[in-house]
Amino acid sequence: MNKFYLDIIETGGTIAFGLSGAFMAMEKRLDPFGVIIITFVTAIGGGTVRDMLIGKTPVTWLQDNSTALIILGTAIAALLFGKYLKQLSKTMFFFDSLGLGLFTVVGIEKGQEAGLSSLICIALGTTTGCFGGVLRDVLLNNIPLIFRKEIYASACIAGGILYFGLLQTGILVEYITTITIVFIVLIRVFAVRYKISLPASYNK
Amino acid sequence: MNKFYLDIIETGGTIAFGLSGAFMAMEKRLDPFGVIIITFVTAIGGGTVRDMLIGKTPVTWLQDNSTALIILGTAIAALLFGKYLKQLSKTMFFFDSLGLGLFTVVGIEKGQEAGLSSLICIALGTTTGCFGGVLRDVLLNNIPLIFRKEIYASACIAGGILYFGLLQTGILVEYITTITIVFIVLIRVFAVRYKISLPASYNK
Amino acid sequence: MNKFYLDIIETGGTIAFGLSGAFMAMEKRLDPFGVIIITFVTAIGGGTVRDMLIGKTPVTWLQDNSTALIILGTAIAALLFGKYLKQLSKTMFFFDSLGLGLFTVVGIEKGQEAGLSSLICIALGTTTGCFGGVLRDVLLNNIPLIFRKEIYASACIAGGILYFGLLQTGILVEYITTITIVFIVLIRVFAVRYKISLPASYNK
């Protein structure tokens, strides 16, 4: 996939993830600094946990200013223009889904670079896609949303299985990456449009 | 200690720790994916925090599939057969105690390999034994159980002190390991049978 | 700055941070072991997260016994003499502020040693100063205090900006360190004396 498009999607995903944190922090009426922290944690949490598990340190977002500046800008925009940004919820949902797909694939590929097995790579991809939201919810004192609602982590896992399935066929990795991202986005779109979610577990 | 017995105890401990997470997640009515995540975090949380503190990365469970598959199987079994497994609560308690003993000793020995002091090794052993449960409770939005109930971490600490005491005597490390594990199991059994717990602290 | 003074301030900061954890744990009526854990996490949490992000492992407090012993003593003192220690709240506030200033500067300097940018160093300094309190609040099932109350993290950020501003002037680093710490302490003192805090954010 073209580096330029990848950068746009990653930036869009970071912004969408960050905004979901900023809005939730504002609903809990945190002060502006609290909003900035939650924006940060939501946007970089998944990749940070992944990097610390693998031992790839300093973790990615420490290595240059661009991610930090994008997130800072996102938080400030949410604080100033929250009302207007919320009207863009469809755009946000689109980028959030794209971000989820891209972050999952990035996590899988970092796992492969570290020489880990397919199963573990899928776990790392899911961690990258989902743990930012988990940390956001823990800091805001909620049970993580992804444990309770909608197909979310399940989309990462399904995408990961597809990725390694396609890898067996000898298709170029660039294509596999694209197909996996599109697949994850489509699962999300269908799940949200048709309100599909996993049933709650019972302790019969 | 015989490698084969160690493997059985470690597997039993992982399953028992995982089940405690799965059952608590099901009580909170998480969806199946949430149950799987909580099962994972409870079973590998302590060792993961320990490995990240020492810098032994990629952390242990990333390095092959066996731990991940055991935990996945545990979560699925809990989801399907929860009602029946709960009737095995005595077996579960036995493995949970054995797991606590073994995980504590593993943590101590990893600390020694990293050249750390006895005091710090005891802290790492306690972390290995207890932090899976702490993370489980944080994710499920409870104050960690071990801070409030029963002799649990205290058993790890007492075991750790015994371990280093015996080390002074020149007894073979294999024997010390076994004695420490048995000692931790016995403390747990007595504490639970006689409902012994530490008193709550007051802020007079 | 003189090594001896630095050691006194760092020890004082560790004790003050630890006590804030111990008191809050006692208010929640944890058992003594729970109080010790929360004391530990509050005192070393910020530096531990920083070290794990940078990959400087084993993390600092593992490398010798002194920090662990100081914190253990702090927790035991809180449990035994809580009533009397609370009367020292002004002394505690002074050390807490000094600790915040010192921990921030230590975080900045560790970031520089790792070759990271100024912006990222300020983020690491703020993490070092504040994340112990964040982890304390997460474990005790509260929304972190610093997201809701008083100028706290803001003081770290302002101090970090001053630090790098002064670095441009060619002043000796020893002086810059001292000035930054004093500046952070003064911000805290003014904020608390005049009850200055950031306004809550609204999601208009």
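By letter and in written order, the chains are A, B and C; residue numbering begins at 1 in each of them.
Everything that follows uses one rule, which is that contacts are C-beta pairs under 8 Å (C-beta built on N, C-alpha and C of every residue); 3 or more make two chains touch, one makes a residue touch a chain.
Fair warning: this is a prediction, and the values are worked out from it, not measured in the lab.
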{"item": "Contacts common to subunit A and subunit B (chain labels)", "value": "C"}
{"item": "Relative orientation of copies subunit B and subunit C, as a Cα rotation angle in degrees, nearest 5", "value": "120"}
{"item": "Same-site or different-site touching of subunit A by its copy subunit C, using the half cut", "value": "different"}
{"item": "Distance between chain centroids, defined by C-alpha means - subunit A, subunit C (Å)", "value": "30"}
{"item": "Per-residue multi-chain contacts in subunit C, two or more chains", "value": "52, 55, 138, 141"}
{"item": "List of subunit C residues in touch with subunit B within their complex", "value": "23, 25-35, 37-38, 48, 52, 55, 57-59, 62-65, 68-69, 79, 82-83, 86, 138-141"}
{"item": "Complex interface listing, subunit A residues touching subunit B", "value": "52-55, 114, 116-117, 119-120, 123-124, 134, 138, 141-144, 146-149, 153-154, 157, 197-204"}
